[in-house]
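Per-chain residue numbering starts at 1, and chain names A, B, C and D are given in the order in which the chains are listed.
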């Protein structure tokens, strides 16, 4: 598998955030030619510029992040709602739109959306974020079916309870609240970022060609 | 059931479009006090104005429509993508935000989102529309869990193959393409709008209180 | 709706157990001609005998019960595993096999399987029971698609946290364990048996004709 | 990954049938110590004997097969129904029951059930087979949650449209019926057995530890 991965050019967006660093580490070790992009993708032409600069893109990892404060549904104002979609949904479409033509032409390509389990199972205070993540998943289902005949595979993950300094700081991991939340996770622990990245690496590789338009929960059993 | 429905005040949005007319007919026959609203909900304050004017709202039917031309993913421009969400997603949030406070205060309320099966199973040429419908479903999952403790039920349908003059004109129903599409529907026919409305009526009634944050496919078996 | 329900002949199996009493009450009030059957359906010819005796059957409510002690997977012996399927799965097939010919001939019929959410989301100590309930759901998916062209609708529920004296006695409802379990249910309460029965009544009625081979969670948001 | 796989002892059941040969090839190439078992697992003590003989088992691949003729639901007799479960369901439980104690003791183990998409989406003439495959999936959901705290991962696939001489002979692949069926598969082709085996290899490896009780469709987009 490494052999064929080694010949692949990958773009990883928001590479300094969310799953970016772990994905870059796993992909680089696997010998892929991975481009760590860090530009702000909310700018209208940013996605198109990125793909142009990258040239040939075999695999696009749409790792999009939004630092969501969370809030009760009736307290989320228009601005917050809009920004959530500006960060998570519209850049995804611009990325996909920019990369599809070359992959359709070559009859080969992979797009993997790093998504959230918040779209799959509800939680309080996640309405805007969950909705935007749900848009990503449904987008993947539809584009996945559309481009499958061109041998392009579009898939997504739906992760949660993955270790990261933002949501699960060492201090927070000592709290009673954290302990209570973990009780809901059959696996009884957080995933490491590396584990999440290795599944994404599998999806980026040649063995995943029969998965199209699919959403994979990655959640320690919290959602399946 | 009719008895308790008869005391309920309902707001039906986009009442002249999509499932609006069938819902109004079914709800009125059931003795509900149903307000058929037709205003353009993309205007920023429209949803809030509507709920203020309506006064007490026991049931909100978020029937939101967007005349989607459809198109290949890499041909959908920013404007079309944005408009899809402006029509289907952001007004939903503004409606829910406006109606939640009074229902939370009364510890009773129902919100039903008339959604699309395009969010549940992919089709070509539906990327933007499917994504926006997916945002609705995931929004419902999260808000549904959040407000369930206040005895408010938020649920959604995911319909397709429901008879309507826009997508399934009598002429179109005579075509070979239509016949081929129907082959994919185990029920072997289109639903009437009335059938779809009667399920929504069930969700609006008192027998549905144990459903929260749930998405119900309504699709003749095309998706379950 | 009552009008058309009033003309329907229904068979409710295991009528003294599980959801049987609540279904009988709701169906009888709705004016249906409901036969409460109590025979042991594990006997090979029992299902066939029942349908023969019943004559015309418009609606079959496959309410099958098994008093499952629960147990760790590696402690469930062959006998317990077999009995679970003998009670929940094989009688279901014999019932369906017996009732299908007459409904196919009349081009009309409904079969509703009262199922369990244990098939949809895992719990410890439920391996045998959950598996048998999962067999019911997948059976419904396949038969539902097969007979939909004959205007026969086969659907199932997947219920949990429904009040009943066996699993949720008044004493048990006062325990800390019960309180903790309820925390996992977004609705924050048990459903009454009547609520569950009213959804089954909806599925038995004429407004549900576009649902085929579908499984409906009924779980207060515990699973959606 | 190969490194850690190389130290693992695997049992593959029904190794000459269904996905057995492809799994054996992929696992052996990956350096795993894979035991190809071919015994008839319908015999009551066969599963226990197998695990005893195998000694240490790190990974169990429950590849169970039943040559299902298919048939209309109302024509499936008791004998066929029973045999389906005797081949696909009861041996699965006996295998799991036999292998769990040693893995619980070591706090490490993986069980992967090679399942069918027939449990996930209905087709005509698959009632018995689909039901038994559905029992496998729900069994996995429940056992998966139960043993996850012991660092044991139980997961399943749900495959269809995977190339094999039994269901998709070269002759059959030339027929119009085959061509029509392929139209329903977004990927537009059959998977090779090797592709299916490589996903199972991923699930058998150390990168899959955060998946528990999960069912993975493997279906070219036919079901997701």
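The criterion applied here is as follows: contacts are C-beta pairs under 8 Å (C-beta built on N, C-alpha and C of every residue); 3 or more make two chains touch, one makes a residue touch a chain.
Given the structure is predicted, the values throughout are model-derived calculations rather than measurements.
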Return the chain whose centre of C-alpha atoms lies at maximal distance from the corresponding centre of chain B.
-> D
Winner on C-beta contact pairs when B-D is weighed against A-D | A-D
Between chain B and chain D, what's the gap in Å when you average each chain's C-alpha atoms?
-> 39
Could you please state the distance in Å, as a whole number, between where the Cα atoms of chain A are centred and where those of chain D are centred?
-> 28
Please set out, as single numbers or ranges, the residues of chain B touching at least two other chains.
-> 121-122, 141, 144-145, 186, 213, 221, 224
Residue ranges of chain A in contact with chain C within the complex = 121-122, 184, 186, 221, 224
Residues of chain C touching chain B in the complex | 1, 141, 144-145, 148-149, 186-188, 191, 195-196, 198-199, 202, 207-221, 224
Can you list the chain C residues touching chain D in their complex?
-> 44, 72-76, 78, 81-82, 85, 89-90, 93-94, 96-97, 100-101, 104, 118-128, 130-139, 141-147, 213
